[in-house]
Amino acid sequence: MQSSASLTISDLWIERGGNDLCKGLSFSIHPGEAWRVLGGNGTGKTSLLKVIAGISMPLEGEIFYLGQNVTSDRSPLQQEMVYLGHLMGVKSALTVEENLRWYCPERSLEELHNVAKDLGLFPFLASLVKTLSAGQQRRVALARLWLSKKTLWLLDEPFASLDVEGGVMLEVCIQQHLTSGGLVLLSTHQSLSSIIPHDVVLQP
Amino acid sequence: MTYRSFLIYEFLVLWRRKQDVFNALLFFIIVVILFPLGVSAEPAFLAQAASGIIWCGVVLSILISIDHMFKEDYQDGSLEQWIVSGLSLPLLMLLKVMANWVVIILPLLIMMPLLSEMLFMPNTSFWALVLTLLVGTPGLFLIGVMGAALTVSVRQGTMLVMLLILPLYLPVLIFATSAVQAAQSGLPYSGFLAMLLALSLMSLVVSPFMTAMAIKASVSG
Amino acid sequence: MSWLWFHKLGSPKWFFFWSKSWALPVFCIGCFGLVVGLVWGLAFAPEDYQQGNSFRIIYIHVPVAMLAQSCYLAMGVAGLIFLVWQMKIAPMFIKAIAPIGAVMALMAMVSGAIWGKPTWGTWWVWDARLTSVLVLFLLFMGVIALQNALEDITLANKAAAIMSVVGLINLPIIKYSVVLWNTLHQGPTFTITKKPEMPAEMWLPLLIAVVGLYCLVAGLLLWRIQSEIILREHRSNWVKQEVMGNGL
């Protein structure tokens, strides 16, 4: 059953500060599918993404990737994964170009410049990230999605502080990723029913 | 992210934040200047106390610079990205310590001839001092980084880091100054150097794993 | 050998009910032993032919010094157990024992200073053993401060465990330092392999005092762990029943 799905969560149980979250949660994400994590504040959307990414450990339950149990060692999953959290992991003391090259040293400079052009970051390639606006910084972080050729995307509120144009670009990018067989799990309050038919609903 | 790109950009960030490094060095110089002014400028006394003064300065400046080693990485989410990078976190920690050690200790060593001259240090013990610094300070960094990782989520953590780390620094400090004093009185000091090396190697084995564990615990909370 | 007891020990509920019946008797035995040892040692044991009556502080100094080290050893082992097996009771143990250990180390230093004045002619000597007790005290304070500074309980547990283990690695260096710097301090009073050089009337009360203090601290520790368990598990049903039924 697990072999057909790429990412399978079974009977997950997370604890945060003494509170039980998403007790007994199970779902599978197949290639080409995107799932949206829904739930009110404090239901554990971020915690769920962090647990899948391997930043924290679940109390109980198992995580399978390509049929392999990765619960205790998440590195096979992590090699195929991009995680974008609330904090973006963008270094403010480095320039935009340096930030992008740090994350994707395997990409050529030309590819990098093309992505920067698409995202409207080209004029700022040489400026320090701390001089950019919050939305622009978010774009620098999102550029990793274009640049890194990873299968699984875990996105925590990726639309936060993006303008309309940026949001549309991200949606298109997610759609392209899905048609090429990628997997996406994201938490957002945006209604994206056109591209994301599946929801994981977390109960308080 | 690869190990290589991580190291290169760590150096780059340190270069952009060179004011922090300067502050640590400046602090070191201030400590060294305070002793002759505050205690005694007698050449005989200073020659005797030089190694202790310099080592105290080194310990203090490492302590104040190591405290904010992870602060920015914690606030901007880099720590999370390192954890999910699929690379070995202990190894990344080791690389980070290495980068910080090079950036802080190399300028210190370059200043050493000048300072030892100011403190009337005899030539015989000068090289012993340089050797103890080379062998001992990696241990100081490796021990200190554990404290920095444990307190990364504490807003005002400098005093806490000092309280946690200073007791663990004492053996290094004692062996290092004993080595220099032995050299000063013409005794062999290789035994003390070996002890220093042992302490550094021991922290090399323990520290990266403990640091990685502390970082993971701090980020997942 | 069955490992059942080990897993049981990890369960706070089981530990709470087990320790409930043990804390008071152990504490009472400890008090009794300490009083007997101290009265015998301070009032009836023969005088030392070199140090006179001032040696009698040994009956306080040696027990607290031994306890300070043992507390750290126990704390470090608990930290290791928590890091390896994630045993739930271990961080509570660390939290309970750290202040006790700090007090013991402080008392060892104070009693040592009081002993040092008539014997060495000075309150404080920078000798290896005194310094290492000071270090021990600072290590205890570090663990306590770390626990207080970290608000997230999971993180505080882990951090205190890591700090205890790292400090434990320091303990052999402390011990080694006694041998390395052969200084003013007299050698260890008790060694397991050799017969004590003192006459029996002198070391027997000391032994009783040491064992008594161990029991006393064990009783205190059990109480402190119990209250820690109630604090942390206050949401679970068995704690509610316990508090409703028997009061605190």
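Order of writing sets the labels: A, B and C. Residues in every chain begin at 1.
Everything below uses one rule, namely that a contact is a pair of C-beta atoms (placed from the backbone, for glycine too) under 8 Å apart; a residue touches a chain by one contact, two chains touch by 3 or more.
By chain, with names taken from UniProt: A = Cytochrome c biogenesis heme-transporting ATPase CcmA; C = Heme exporter protein C.
It should be emphasised that the depicted structure is a prediction, and the values quoted were computed from it without experimental measurement.
Asks: If I average the C-alpha coordinates per chain and also across every protein chain shown, which chain's average lies closest to the global one?
Replies: B
Asks: What is the chain whose Cα centre is as far as it gets from that of subunit A?
Replies: In terms of C-alpha centroids, the chain at the greatest distance from subunit A is C.
Asks: In whole angstrom, how far does the Cα centroid of subunit A sit from the Cα centroid of subunit C?
Replies: Roughly 49 Å, centre to centre.
Asks: Hey, how far is the Cα centre of subunit A from the one of subunit B, in Å?
Replies: Their C-alpha centroids are separated by 37 Å.
Asks: Would you kindly tell me how far, in whole Å, the mean C-alpha position of subunit C lies from that of subunit B?
Replies: Measuring from centre to centre gives 32 Å for this pair.
Asks: If a residue has to touch 2 or more other chains to count, which residues of subunit B qualify?
Replies: 220
Asks: Enumerate the residues of subunit C that touch no fewer than two other chains.
Replies: 152, 154
Asks: Which positions of subunit C touch subunit B when the two form their complex?
Replies: 83, 131, 135, 138-139, 141-142, 145-146, 149-150, 152, 154-155, 158-159, 162-163, 165-167, 169-170, 173, 177
Asks: If you look only at subunit A, which of its residues touch subunit B in the complex?
Replies: For this pair, the touching residues of subunit A are 50, 53-57, 75, 78-79, 81, 83, 85-94, 98, 101-103, 105-106, 128.
Asks: Given the complex with subunit C, which residues does subunit B contribute to the contact?
Replies: Against subunit C, the touching part of subunit B is residues 143, 146, 150-151, 153-154, 157, 160, 163-164, 166-168, 170-171, 174, 202, 206, 210, 213-214, 217-218, 220-221.
Asks: Taking the complex as given, what residues does subunit B use to touch subunit A?
Replies: Residue positions touching the partner: 1-2, 4-6, 8-9, 12-13, 16-17, 72, 75-78, 80-81, 83-86, 216, 219-220.
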